[in-house]
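In what follows, chain A forms one complex with chain B and a second complex with chain C.
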Partner chain A sequence: MIVAERKPFDEILEMLAPQKRVLVLACGGCVTVCLTGGEKQADELASQLRLAARQKGMDLTIESDSITRQCDREFIENLKADPGQYDAVLSMACGVGVGFMSELYPETPFLPTLNTTFYGANTAPGAWAEYCRGCGDCVLAWTGGICPVARCSKSLINGTCGGTNDGKCEVDQEMDCAWLLIYKRLKELGRLDEYRKIRPPRDHRTDRGRGVRRLVHEEMVELEEEESQA
Partner chain B sequence: MRDGDLTSRDVAALPSTCELMEREWSPCRHACPVHADVRGYIEAIAQGRWRDATDLIRDNLPFAVVCGRICHHPCEANCRRRDVDDPLAIRELKRFVVELQGAEGATVHKAASQDKARVAVVGAGPAGMSAALDLAKMGYRPTVFEKFPVAGGIPATTVPKYRLPREALQIDIDWICAHGVELATGLEIGKDKTIDDLRAEGFEAVVVATGLAKSRLLPMPGADHPRVHPALKFLTDVSFDHPVDLGQNVLVVGGGNVAVDAARSAVRLGTGRVRMMCLETLAEMPAYEWEQQEAQEEGIEFIHRRGPIEILVRQGQIVGVKARAVTRVFDENERFDPQYDDSDVIELACDTVIMAIGQAADMGFVEGSSLRQDDRGRLVYDAATQQASLPGVFACGEIVTPPGSAVEACASGQRAAVAVDLFLRGHQIRIDDSLPPEIDSIAEDTAEKVINVSREPVEAVPPQTRVKTFGPIDKTLAREAALRESRRCMNCGAGAEVLVDKCAACLTCLRVCPFDIPKVTDVARIDSSLCQACGMCIAECPAGAIIARGWDARGLPARTSAALASAASDGHAKIVAFICGHHASAADWRGESEVVAGVAEVYLPSVARLSVSDLLAAFEKGADRVLVLACHEGADRYPQATRRISRRVDQARQLLAEVGLDPDCLRMLELPDEDGEAVHPALVAAVETLPAG
Partner chain C sequence: MTLPVSRFQEALEAGEFVVTGEIGPPKGTNVEPVIHEAETYLKGNVVAVNVTDIQTAVMRTGSMVGCKLLLDRGIEPVFQMVTRDRNRLALQSDLLSAHILGIRNVLALTGDHVAMGDHPQAKPVYDVDSVGLLQAITGLEAGTDMGADMKGNPNELDGVPTFFKGCCVTPCTEVVEPQIIKLEKKVEAGAQFVQTQAVYDPATFETFMKNIDHVKIPVLVGIVVLKSAGMAKYMNRGVPGVQVPDAIIQRMADAPKEDRKKVSAEIAGELVREMKPMCQGAHLMTLGWDDVVPDILEHAEIKP
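And now, the complex of A and B:
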């Protein structure tokens, strides 16, 4: 899932400064699960903003609402508030939600309240860690399930490099060397043969090399659209 | 979605989430014959809301004081707390609050206009008075005819005063009459007036509620001796302080509660020796276990498995009772069918006999009317419609139901009122007796996680003292004890419900629940039969997808505002204090305990229910300072509650700092003990440490 963390309050306050009527919009998807952008956090931010407005004598009306996901257009039907009626919407979604909603409401500024940080898993109650970078060319089959793209500072696919240092990365002594982890895991699995193979350079076109990445399942394309193209 | 799943839309349409309490009933409410909202009034007591508690009790139970003293309390027998430690002392809590409030301290729900038909009720016992009350509330004009000079029926005329002081009973009668129930005492239907007379006088319906007012007798030699007393007549004579001819060696025949009442009354009249003889073994005796115990404490001896065949009279005096052995009392189908061994006969010396082998109806009210009786002399009656053989004549209470307790008579009377109303409005009498499902028993592994709290003991008067008078045999719970006891309630059925449309299956509820109740499948599922209603998951759910049935969190901001508005600040900083319900002692004691100036006290069942948003909202509502008074770690009824709320306070302080407010404006403190008196000094001390306004 997508993990995000909340932006500093002052930054949020600054970005909405000229607006008078603002909606804080929670997202019920990933950011709810990682306890950053759910209805509860939206209520807390709304409360903070109203208190700040009172404190600083700002003319600011803050309301809040939530939506199942900000990355699917159908859910906007369930909104109680109409985002179009506000000067701005503070989206509690990840960057995907903010961008997508901005397209749906071209007249209304959708402002991000979160920094979208990584694709991660819940490692313990209240804790998440990055497991994937979405490179578009998954190598986990031969790295023992440990992603060198996400976890090696250099995203090497033939590690380790010379900067490995007692199992830690030269970039940060707190950071495990991903390739040492991969080595140990493959050894456990009895698959060090995979480690000995030299891999060809990664194809960066699957990553960000060719602009916006898209996915189309032809079988699900709407029938009307198909007819109009025929 | 599954059947019964809730969505945010369902809940948005409700005036309060408390309506969801009707989805399932707690066993206490289910088992109560009048289905009193036991959990509701216990919670009100826990928060010191005495009047609310009394009103909730009286909504269903007109004879609240009577039942607070003598109810057989099926609520307690079914209390789910018995699977944890001991059942809640529900009857004692009821007694505490309804007697504290008296008749004046309970709200009278008078009909807007009482101009509907006149209805005659025959018999002013629990059944008749309950029927009359409900009819009066519906706008009818009931008159209750009672042959005794006082209203109350068996509780007023035969229940010994040591179990039910008459001034206590009068609270119930006064409150019922305040609804426009007219009483005509000292007037016996069938003798002074007939049922036909009542119809002719313009009573459009008649409700017969004459109960079982006569003791059954056994025909046997010596049974007509003047010192052979029918138990009910004996108890009535004692009740009205009439002289009773009692010797020094009394034998009470019977093993039921009336027999125990008679025996214990005889002891109090100064009789030398009192024995009870019954067909049953100790375990089979129909008298309640506690009655048996108390009787034995008072020196009453039990003779089991004996049935009388002759009362021995010599020279005009009773000298004993001849009794044969009983080989069995019940047949294979548990029907009463005693068998005897006539070869085993003993003589028990005594000079007085009290017959308490059962009760019978006094059918005198039939005189002069065309009401039909069956071949065994019982009133012809349809249990479904409660109608007797004449149109417009109804019956309720023990005259038509099996013998039971006061609360069962109340239920029967209330049902009769519904039947009368349908009849008088020209409808077919069809009454839906179905109930919501009952909540399941608590699972063992959940019960183990509930913190054990011992039941408050009731202070009994020592046997050697109590046998000397007809004064009460035990004491009403003290206020502190009542508060402690009421907080043992597990709030069954008031717990969490997941709004499935909002749940993101994030697992937070599962992680914060101290009882391990939530399971996450497609969405979170919280088993209402196990949930302890602590509110921890509600406060933590990031999706706002969990609500409580018994406590509408949406009401908290309004409560906070109202508390702020009523707290006089005199230019000082306005302080909101959220206080754990364990310390609710001061809640409605405003008149009694000193209030700290400028502090708005908001009591919660547990501060575990307070979310970070709730804390921030208090500032939005106008508080300059917010205090959270929690139980100290380990003292809260919910495990981990103090640590959870402490983290939320830290989080809220951080959010306040971000806004530019002094985080010290929000403080949490742990109260040292469960004594309600701790609240006031703690508040005073805390207010002093807050930043100046």
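And now, the complex of A and C:
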């Protein structure tokens, strides 16, 4: 899932400053699960903004709504509010949601309330950690299911560097050395030979090296075209 | 057997116990003091001098120019290259440039993370790792770069460089097998010599050397000169893979301030003397105290 963190309140207030009528729009996807952009957080932000507006004497009307996912056209009809009727929408979605909604409503500014941080999993109550970088060339088959691209601070592909310290990374004493984890896991699995193989430098074309990445299922495109012609 | 490309390689192949030194370029353009120190204390005492590459991710003058200044003064440099700051285009380009300038020894390193230095906002590059860099150098020596033409054939070079290629290893880390496996990969990728991370415990080093008996390239044991007991304690806390035994810390603590350099040189010299039979050389990292090098060599019973 995509993990995101709430932006500082003052930053949100600042980007909102010239607007009079604003919709806070929650997203029911990943950001609801990681407790940053769901209905509850949207209502909280709306209350905080109303309070701040009253204190600062700002002429600001705040309403809120939510949608199943802001990254999917099919849920738009479930909106109770019409984004086009507001001066701006404060989106509680990840960057994908903000960007996609901005395309769907070109007349309305969609402003981000979150910083989209990583692809992660819930590791303990209230805690999420990064497991994937979306590099476009998955290596987990030979690294014991532990991603060196996402979980080694240098994204190394041939093993530990000299910065491994008591199993931790030189960057942060709270951070595990991913390559030590990979080494231990491969050893347990009896597959240390995977560590011994030299891995060639990564091909960054799959990892933003060629700009915006897209996925197109040609057969679906063709089917859609046939249906529209029929 | 191909001919050695540098005096450093030649000395190791001749079976000499080889000592190398190290300088760190300054933050700023005032490079004269460090070059002067190298000329005064390292020239003639060590076979080659490493020039660090933006060491500990603290922005400073580059390694290549430091190497060139040493060459101009008759001192053989070891060009340190980290993969933290340059992608494969820049690394390969700098290797060609270095060869044109007459630089022949290269040490391939991953490099401390930018988070450790004074520009933590910088983008860490790591396009290739140290193994990839060694592969790239080996490729250049074979006349091709890492790229390919439209048909998928490797790009050919017009003029081919040759280097004596080195790598690093951390012998005194708590779990050493992954370090050894990575060393094997570095050798497979073309490494011809090793300069180790700092060692203060000859017994641990002896075990390490037995464990890498199958790795057939010369090893220069790394010696970091201690400046104070506080520095030793700091390294034990914060520097990965470095353990200074209590007895050594105590010797530094007991030394009066004016004798610290003397005691530090004694400690370093004794460590080299003790580990001399176990390896093929020593790499002295003096961190600016270049004037202690003659003293260290004397305590190590090594004639320059």
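To be clear about the criterion, the second predicted complex is superposed on the first by the 221 of 230 C-alpha atoms of A that agree within 3 Å, B and C clash if a C-alpha of one lies under 4 Å from a C-alpha of the other, contacts with A are read in each partner's own complex, and residues count from 1 in each chain.
Assume a residue touches a chain if its C-beta (ideal position, glycine included) is under 8 Å from a C-beta of that chain, and two chains touch if they have at least 3 such contacts.
These figures come from a predicted structure and were not determined experimentally.
Visitor: Give one word, clash or fit, describing how chain B and chain C relate on chain A after superposing.
Guide: fit
Visitor: Determine, under the contact definition given at the top, whether A:E77 touches first (chain B), second (chain C), both, or neither.
Guide: Touch status of A:E77: no partner.
Visitor: So in the superposed three-chain picture, is A:L35 touching just chain B, just chain C, both, or none of them (first/second/both/neither)?
Guide: first
Visitor: In the overlaid three-chain picture, which partner chain does A:R50 touch, first (chain B) or second (chain C), both, or neither?
Guide: first
Visitor: Which holds for A:E103: it touches chain B only (first), chain C only (second), both, or neither?
Guide: neither
Visitor: For A:E218, select first, second, both or neither according to whether it touches chain B, chain C, the two together, or no partner.
Guide: neither
Visitor: Have a look at where A:D59 lands relative to chain B and chain C in the superposition and call it first, second, both or neither.
Guide: Neither partner.
Visitor: Write the angle, vertex at the C-alpha centre of chain A, between the C-alpha centres of chain B and chain C, to the nearest 10 degrees.
Guide: 140
Visitor: With both complexes overlaid on chain A, what's the closest CA-to-CA approach of chain B to chain C, in Å?
Guide: It comes out at 27 Å between the closest C-alpha atoms.
Visitor: Which chain A residues lie in the overlap of the chain B contact set and the chain C contact set?
Guide: Chain A residues touching both partners: none found.
Visitor: If you look only at chain C, which of its residues touch chain A in the complex?
Guide: 84, 88, 110, 112-113, 115-116, 124, 126-132, 135-136, 146, 168-170, 173-175, 177-179, 181-182, 184-185, 188-189, 197, 239-241
Visitor: Contact residues on chain A for chain B in the complex?
Guide: So the residues of chain A in touch with chain B come to 8-10, 28-29, 32-33, 35, 38-41, 43-44, 47-48, 50-52, 55-56, 66, 68, 122, 125.
Visitor: Sort out for me which residues of chain A touch chain C in the complex.
Guide: These residues of chain A touch chain C: 153-167, 170-172, 179-180, 183, 192, 195-196, 198-202, 204.
Visitor: What part of chain B is in contact with chain A in the complex they form?
Guide: For chain B paired with chain A, touching residues are 501-502, 504-508, 511, 540-545, 611-613, 616-617, 619-620, 655-656, 658-661.
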